[in-house]
Every structure is written in C-alpha cells, then in structure tokens.
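Letters A, B, C and D name the chains as they come in the text, with residue numbers starting at 1 for each one.
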Amino acid sequence: MLHFDCDYMEGACPEVMRRLAETNMEQTPGYGTDRYTKEAVELIRQACAQPEAEVHFLVGGTQTNATVIDGLLRRHEGVLAAETAHINVHEAGAIEACGHKVLVLPQHDGKLRAADVERYTTDFYRDETYEHMVAPGMVYISHPTELGTLYTRAELEELSQTCHRLHLPLYLDGARLAYGLVAANADLTLPDVARLCDAFYIGGTKTGALFGEAVVARRGLLPRFFTLVKQHGALMAKGRLLGLQFATLMADGLYLHLARHAVGQAMRLKQGFLSAGYRCHIDSPTNQQFFCLPNETIDRLSTKATFEIWGTRGENESVTRFVTSWATRPEAVDELLSYLE
Amino acid sequence: MLHFDCDYMEGACPEVMRRLAETNMEQTPGYGTDRYTKEAVELIRQACAQPEAEVHFLVGGTQTNATVIDGLLRRHEGVLAAETAHINVHEAGAIEACGHKVLVLPQHDGKLRAADVERYTTDFYRDETYEHMVAPGMVYISHPTELGTLYTRAELEELSQTCHRLHLPLYLDGARLAYGLVAANADLTLPDVARLCDAFYIGGTKTGALFGEAVVARRGLLPRFFTLVKQHGALMAKGRLLGLQFATLMADGLYLHLARHAVGQAMRLKQGFLSAGYRCHIDSPTNQQFFCLPNETIDRLSTKATFEIWGTRGENESVTRFVTSWATRPEAVDELLSYLE
Amino acid sequence: MLHFDCDYMEGACPEVMRRLAETNMEQTPGYGTDRYTKEAVELIRQACAQPEAEVHFLVGGTQTNATVIDGLLRRHEGVLAAETAHINVHEAGAIEACGHKVLVLPQHDGKLRAADVERYTTDFYRDETYEHMVAPGMVYISHPTELGTLYTRAELEELSQTCHRLHLPLYLDGARLAYGLVAANADLTLPDVARLCDAFYIGGTKTGALFGEAVVARRGLLPRFFTLVKQHGALMAKGRLLGLQFATLMADGLYLHLARHAVGQAMRLKQGFLSAGYRCHIDSPTNQQFFCLPNETIDRLSTKATFEIWGTRGENESVTRFVTSWATRPEAVDELLSYLE
Amino acid sequence: MLHFDCDYMEGACPEVMRRLAETNMEQTPGYGTDRYTKEAVELIRQACAQPEAEVHFLVGGTQTNATVIDGLLRRHEGVLAAETAHINVHEAGAIEACGHKVLVLPQHDGKLRAADVERYTTDFYRDETYEHMVAPGMVYISHPTELGTLYTRAELEELSQTCHRLHLPLYLDGARLAYGLVAANADLTLPDVARLCDAFYIGGTKTGALFGEAVVARRGLLPRFFTLVKQHGALMAKGRLLGLQFATLMADGLYLHLARHAVGQAMRLKQGFLSAGYRCHIDSPTNQQFFCLPNETIDRLSTKATFEIWGTRGENESVTRFVTSWATRPEAVDELLSYLE
C-alpha cells in the first residue's frame, strides 16, 4: 500500500536522527537554555537576515498558533483570518479556548487579500457601534495556504504594508513554509517573510524534523513569551531536542533541500494526473496536490494507496488530496501513476 | 428632537416604577431568595405552561447569553448561530471570552433554517477529521431576529425537532420576545416557545422593566447555574429587584400589553414611510423597522429625530433603523411622519 | 422579625428613588453616553480631587472586580490578595474564569501588609524558576476589609509606595467604601484613596443605590475598557440608571451622610453587645460587627432576628455577623439589644 | 562538571533511541491511530491490570495536567491540591488559564491527607454561602510528591475512598511515577495506582523517554478527550513517536528497571551526604534528594557540580536538590561524594 495522506507519516530525516543519536547522552540544562538551542537561534537569525529577531521553539503547530496569537492579542481583540484558515477550522477551537474570536474574511485560492483586511478594518471603525464588537487585532495567514497556494512577493508586501498602516501585527503560519520557499516561480524568500511579517513560524514537523516549530518574531513583540509558552503547556523540558533539530535543519541548506525533493515529487504527481486526463481542484505549486476524481477512480485507487477526501464525498466525483514529503520515494510516485491508466 | 434609536431610551413602565417605590423599604434576603422572585417564577411558569421549568433572573442580554451558553456547552463544543446573530457580532466576543466558538450558518431574513443546522451537523460527523474541529453543541436563535423578523410556528417546530434529533439544545434569545408574540399574524405563543426550546429568555430591559432578563430552562438542563451566574458577575445582590419587576410585568397581561402598543406604533411608522414612497429593507412585523432612505433624506430627518444607520452609510442611500417601544408616544410618530413629505 | 443579615436588604435611599421616578420617562441614549452619566463622572472626579480620572459605571461588585482585574493583568500575571479576600473566596472563581490566578498572601485583621507584598515579589524574582510561575501583576485590597477593618493612611501610603516601586497597580475594592470613610478615627479620605490607588471602585449597591459601582482609574490605565465591560456582560443598556444614581449620591454629601447613619447604628450595636458581656471577634469600626456568641444565645436571638453565622458553626460558640446600613432603623437596634439581657 | 540539576538532562534511554531509529522510515497514519500506539495502550492496560482503561499519550507534564483537569472539571468547580503542588506553583497558571481555581490544602511532607479533603468538602457544603464559592470538583496529588516523598498504600486507599465517597475524581500526577514504584519499602504498585485513582499519568519524559506522558483513565471519565487534547495544542501529529516510546518502555520491565538504577544512585548520594555529616531537608526515598547545606559548601560544590537551590538561598545554609536519573553514572556519584570531605 502506498501512502500520500500527509507529510508527517515518517519520523525525521536521517541527518536529524543521526544528530539525536550522537548527542543523546550529553547532559544539557532544560527548557531551551542549552547550546544547541543557542546555535539554532543564530542559524535562524542568519537565514532570516534578522540578527535581532527573537526565536522560540515549540512542539506543534496548533500549540504554536494558539500561543503566539494569545501573546499578540489583547482581550478585546480578535484575529483576522481566511474562512479556510487552519485556526478557523481544524484546531478544535484552540484560539477561542484562549478567549479570542477568529474574525473571518473571504479566501481567494486559500489566500487573504490586503484589500479585504483594509475594508474590514475601515468599516469596523466607521461603524458607530464598533466598541460593542471584537476589534481586529492582528492578521493570520499561512504560506503555503491550506490549499497549497502561495502568496507572491507583491501580495505579501501589500498585506504587510496594509497591516502596518492599520497597526495590525501580521503573523504567518509556516507549517509548510519550506515547501513554499522552493516552489517553481516562488518569489518569496525566507528573508522576505521575516522582513514582511511581525511573527511567523518555520515548520519542522512537516519538513524533516521529528517534531518542532520555530517562532521568529520582531524583538519586543512578545514580552514574557517564555512564561506564556509554559502556561500553554508548550514548553519542552528537554528543549535541546528542538534546538538540535533546527540547528541540523538550518545548517548547509538541508531544510530547503528536503523541501525541493518533496515539491519535485509533487510536480511529478500533478503531471501524471493531468496527463491521465484528470483535473486539479486548484493549481498548487507545493507539496499538496488536489485532484477532482470520479468516485469510481477514488475507490479503485484506494485499494492501492491512502490519500484524503477533501471535505465530504461528492455525488459523482470528489476532491482528493495527495501529499508528498521529504521522504517520498520516486518509485512510490511511479507506482501510483501507473494505477491511473 | 424625536428619538427612535432603540427601545431602551426611557426607564421602566409606570407599573414597574410604582411597585419599586412601594416596596423600596421592605427588607428581603439577597440573591433571589425573596418572595417576589418566587412569585415571578410562578407567574412565568404559568405563562409558559411549564410548571416544572427552571427560572433564573439576570440583569442584561449579553450577560444572559454568555452565561446560558457557557452552561450548556462542553469544552469541545461551539454554538451554531446565524452570521447576523447578536452573539456573533455585537457582544464584544463574550462567547469566545468564555472559551467557545460561534459556528456560523447562513441567515435568511435574519433566521436560521433547520435544514442548515441539519446539513452542518451531518456534514460535520461525515468529515473524517471531525475530531479536530469544534463540535456543534447547541443552537442559538433570536425571536424576533436582529432584523425584526419572526419564526413561524412551523419553522420553530422544525428547528426544534431537528435539534432534538441531533441532541442539540435549542436556545432562544428573547431580548424582544414580547414584540414577537404580539405581532400581527404571529402564530407563536409563549407556551409554544417554552415547549419548543430547551432554554430561552424573556426580555425585560426592552419591554417595560428598568432592566432584567428571565431565563426559562428545562429542569435539569443547567445544573449549578446559580454559581455560574455568580462566576459570570451576573448575580444581583438585591435579586428582588428582578423578581419584583417580572412579577409586575407577568401579572394581568401587562407584558404583552406594553408590546402591543410598541408594535402598533411601529406599524404606523411603516405605513407612513411606505405611503411616502420609501421602501423597507426587510419586512419586519415587530417594533424595529428598517427603511432604505436616500442620504439626503437621512440628513434632513436627522435634524428632527435620532435613529440608527444600519451598518455603514451607503453611497447614495443607506439602511436606517427606527425603533418603537412601550413608551413611544403616538404624537411622536405623527410628528416624524410629518417630516417625510 | 429584625434583619441584620447584610447591607442590601432594602432598595435605594429615598433621594435615589425620587430621582429615578422623576426622570423615568426622559429619553436618553444608551450605554452611558447620557448627560446624567457625564454629571456623575464630574461629581466623582471632584469628590476624588482627580479631574483627569477615568470613571466607569458597572452593576455589581463581582463583575466590577473581574472586569477591572482582567483589564489590568497580562496573561502571565496574577493578582496578589489576602487569603480572606472576596475575590479569593466568595466570587465563585470569577477571576480564574478569566484566566488569572489569585496569588494569596497572609491577612492581618483582614488587611494586606506592604511588607508581605514586597517580600513575595522580591522572593519571586530571586527564584531561579520564576519564569515558570505566575508573576505578581497587581495588588487587590478592600477597604473596609471583609472583616470590617480599615487601613490607616500610613498603611495605604506604604502599600501604595511599595506597589509603585514594584510596578504593581494597586486596586481597591470599595464595595463598602463609604462606611470606611466615615468611621471614627478613619484618617483616609476619598482624595487619599484616589491618590494612592491606581484604580478603585466606589460602591453604590451597599450604600444607598439600587445597584451600581463606580470604577475610578488613573487615565490610560484601562485602555478600551468599554469593550471589555461589554465582553464581561457588564454594560448596562440604560446606562443612565447608573449615572443618575451616582449623580444623586455624590451631590451634597449624600453618600457619606448615608454611611454615617449606618456606622452610628453599628457602634450602638457594638456597645450593646459589649455591655451585655459578649466580645467582638474583631474590632471593626464600620457597619459590619462580628460577635462571638454562645450557640444558645444564637439560637435564642434567631427567633427574633436574622444575621449570619460567619464561617461554620462552632462546638459551643460561633462567630456571628450583624450588619447595619443607611436604612437601619434605630428602633430595630434598640429592639435587638433588648433581647440580649 | 557534574550535573544533578534534574532528571531530564539527557535524551532517551538507548532502547528507545534504537527503536526510534529502526522505525524511522516506516509510514504510519497520524494522531495516534498507528499500530505502535495500539501496542502501547495494550501494554499499559496489562501493566495496570485494567483491560478497559482509556490510555492517551501527550507530550509533557504541564500540558497533561492542564488537559486532564480541564476535562474533569465543570465550570463551577476547582481542583483540590497541596499548597506545594506543581500545578499550584510551577505551571505558570496553566490551570487558571483554563478557567479553574486551584483550591489549596495544607501539605504534610508534600502529601495531601484524606482528612483534609474530607474536612474541606464537608465544611464547604455546611457553609450557607457555598453556592458563591468554587466547589471542590476533583483532587490532584503527585506520587512521588514535589519533595520526593511517597504515599503508602494505606494512605492512597484512604484518599481514594474519601474521594469516591465525596464524588471527587482522584487524579495522580505521575511525572516521576516509576521512581516511586521502585523505592525501598514502597508498597504501592502500578495496579494499585490504577485501581485507586480515577485518572493518572505515567511519566515518560523523566524516565527514559525522549518525551511523553501516558494518561490512564477510567473508561468514560473523559469523553471527547481527543478533541480536548487537540484544543490544548497537545495532540502530536506523529503520534506514533509517543506510542513507540511507551511500547518500548513498558515491555520487559524496562520502565521499572531504569527507575531502579536512578533510585539506587540517589540512595548512594543520600548515604554519602549523611556520612559526611550533612542532614536531609526531608527523608525522600526516591530520585530527588534534598540536603541542607552551609552556603560555603554550596559555593564550593558549585565549582564541581550543578544542582538546584530549593526555593531561595538562606542566610547561612540553604536547601539544595540533587536529582538522579536512569542515566546517572555511578562514577559521577562517586566523584560528587569525593568533594564532600
């Protein structure tokens, strides 16, 4: 059976596993005060071209989103996000559980538009009853989006300028950031992201780490964040595990190298499905591919491979999601495509 | 200057004021353990034809919604509501501040449809990832709605049956309930509401009381509600003030009598605007009337009367809201209409 | 039957009732934007000798404490309070329900000592693990305390200086503030309280109002407080009811006049019990008196008067609380004392 | 430099690391639906002699405590715990951040007494104002305690019976459970713990795992716990990492074997310090040892080893904590003791 369900089906990339094994018996102090964490912080600052940035390591994505958003919002504020945003749909209400409302904006191929942020905020303060409503307090986007799509540099520049003009911190969920950075025609680099966002995270779990996400934030943006991380149950005792993994991933271009492999295999998948006469639900340049397939094709393929139905099954055809990762074997893609004939 | 901004511009109806004055120096125990509160509970049970119902008195609407919803939902659950619902827009995030998500459904003239509740819930549990999402845990409606519209008995029956089949408590926000009960062609009675909803509140603030809302709930639905009310800062020390007001309003049909006056004046307003050639934004049979008016008409009327722009001002015309109450003088309506020519 | 249970057994003082009746049919805009509220704000600023202070009106005490404390604390902070503090015991966890920890300090006759605040905070930051703990973020006291006792001016000065040095806002719960201001030997005036505290509230519910508490805060201390009040369900639609009551109470010394009456009757009670050979549980100079009484005396008095057992009933004797108010009739005190022989 | 700061200075025990490496490239579905997790669940059920128990895997201790306690308490309830409890001191207010109060009881050598739970609860319901207070809703203990001490079987039996009689779920924090199970004279077995507690967790982070805690709960006690775990940001994408580690630890007695080593070295430490004439702050039979040392000894030892000052440094002597683990080398203990002369 082949598996294209998601990008977290294997453990960690071999380099990470090797480093974990090599350093296993070293003794380090806890909670991220170790030398590997310091090393990772420096490598990330360099990669982001932000020598002053604050860098914090957490374990998973939902936790990271909830903790950062909780740190950025005041009581009377909510977070603007696309209706399809992960925080709005698939995080079990983690943002609301912290007391904050997700303020929903329309999505365009999974993306948020600067004009929508502008209009919402302007209309908000023009409404005479605005003090009775949750104020927009920050903006959440993800890159790539839930649909695998990407912001162009122009789009992110515009969003960033709009947010700054409106005094709304811009936060980018980078659970799959690496896959976005290496996509063909992608014109956003890691320094671009770091320059244009007030905070974002570099996803480890889905790109080569066993687990872990690295929050990068403008200095001073998240005061007493350590305590907030602890309060959210997100502080790892053996913090060095996070530091070591990111120190490994960020050295020698490994992080992007892993992503390039995944995106390459995704493009092979896409070409194969298109050649076989199927169509894409959306044109994704990253490691998630969405195909509209007849239900009978889905049933037939399901005997050979696992993948996701996106949303609910349709009458005759359904949207499916196939995901590649740093670990996807080219032979697995070949085999899957061979079943399309 | 005339005032049609809202239905809480005056104090209380004369009967309530008189009773407050008469009983002012009586000594009663606090927190709703007094005889007036007991009397009000019994009168409400009778009016609802629910001799076993639990009745609790709170001070205001947002507080009541937040406390009841907090009492009904478990951690992993959210409340289904129309996108225009008061709890979703105008309560400053009070529901989310308690940790709960408002799950938004489309509105149809301000109303929620049983079919939408059914579809949302069915789709929810058919989604393989449903355990990662906030489960629908109850349904919130208001009657009249934010737009002054009413559920028919058939509609509420269907909603009620759907909710029961799906094990979702149905909660009705009755901030303006009285105005809905007395509207022309209204076919929902107070016993209907009590029979079809698991919990609801009878609004006092907007219909003759100085302040106060009476929650009516199926016995056992809200265990330890007293403590929850206290925790929400909603427990009135001099609880008898609430009991006395509701005992007064619910006796001898006063509550509905007050509402009839308001709706009568609202119908006169509507006829006047229609006769003058303006049109309704929506066909409301209750005490809130929404007219589409040219901006120049708005500016002219604004020198004579206060009223609300609904949402934001349009380019050439805007939606306006005129509200009557138990206290609206017929002469004030006459005068307003005289400015329309 | 006589009643000495608490100071909220009657309605409002006659002047407040009269003004409510007189203004009942006036139309004013909602949510505290009316002229009575403006008038009350100015009178309070004058009485406090703080022309720039922010003044907000809420309905009840628990609600006020929760909303102000929620507005003052950041996520990682808690509120320092005496173990006997109302917020720590009798508010059903309202502070924790907002996400904040009450950090408990010892009480001395119901009071908090500056030295304890100093020691707690100093020790906190000397602890190497302090970032794993809830940081002290503000100080809560009440005046009079739960036990009816009073801070001297020297004590409050010291507490205020300590708090400022430690960057901890000092908040004073003034549910019974009036009774403290007029006690014999009390050397703290309202301007003193306003000068020494960053925020406090002037209690109306227990001193002549039907209901209502007036928060007074240093300008800028509580940004966007209106929305927070709404979110807490504490925003009154007919805000003018609060404004009007405080405008009445703060004019012509009425507020303190009412309190003087109550404290005078409390002193008569105390002298009576002492003369009859009973002893005080604590030496309270305000309107709450605590007597240690044999259980048989309690049982006998209970046939003539209602009052509270303080805590739980003891083996042979118990602590009792007798409370007077602006409404206590001297004849009622006479009669109660006549039962002591 | 020697290190005795804590029991999470190294990575994982060799067996765990080996299994992680061996299975690294296997593909499994996410979120704990994999075969390793199933295997771990079964092994834990067997070890606990509870074939029906629910078992859930989370990443860290604070997170586990917050999620379980949030799942057990209703809104109006708090958790009874010793004043020294980890949840009361060192979890940055994680319990309060979920809206719940920690109700503090006295500690006796770090332990909670059944009689105190009984008295608190009985007094609570005898207080006439109990509905204004946070109700005791569950009991939290840890075993070993924060001070390394242990409950006897008789003590836990009594606590369990008391809790059941009072309808309070009993939850045991087992961050260091293994070290308690293997201590000399310990008479509590894992099946005892499972039988006497409604829920508890088996700590992995501090006993051989890289990270991870296994919650064991009575069936039906924690409905919809999966979603709650997700909401708390505690759901691991690669859930198999947790399953695999516990499957490894629970097989062939490895878990207790690791603990025995640690406790053995701790006993050597204790004997060494006692022989050198120092005294224990408390008589701990587990892997944490607390010695009262003159400050000059502390300063001298600090040049050779790292360890913790417990609380704040005293005038002349201070309490210190030395911790051993499954990874402590006997030579390190020898060397440390050699510095005592």
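Note that in this section a residue touches a chain if its C-beta (ideal position, glycine included) is under 8 Å from a C-beta of that chain, and two chains touch if they have at least 3 such contacts.
Being a predicted model, the structure only gives us computed values, none of them experimental.
Common neighbours of subunit A and subunit B under the contact definition above: C, D. Minimum number of contact steps separating subunit B from subunit D: 1.
Looking at which of B-C and A-C shares more C-beta pairs in contact, the answer is the pair B-C.
The distance from the centre of subunit C to the centre of subunit D, each centre being the mean of the chain's C-alpha atoms, comes to 42 Å. Per-chain CA centroids place subunit B at a distance of 33 Å from subunit C. Distance from the subunit A centre to the subunit C centre is 50 Å, each centre being the mean of its Cα atoms.
Of all residues in subunit C, those touching 2 or more other chains are 75-76, 91-93, 97-99, 131-133, 227-228, 230-231, 235, listed in ascending order. Only residues 75-76, 78, 89-93, 96-102, 104, 123, 126-129, 131-134, 308-309, 311-313 of subunit A touch subunit B when the two sit together in their complex. Of all residues in subunit B, those touching subunit D in their complex are 70-71, 74-76, 99, 131-135, 223-224, 226-228, 230-231, 235. Contacts from subunit A toward subunit D in the complex involve residues 3, 5-6, 8-12, 14, 17, 20-21, 23-30, 59-64, 66-67, 91-94, 97-98, 205-206, 210-211, 227-228, 230-238, 241, 306, 327.
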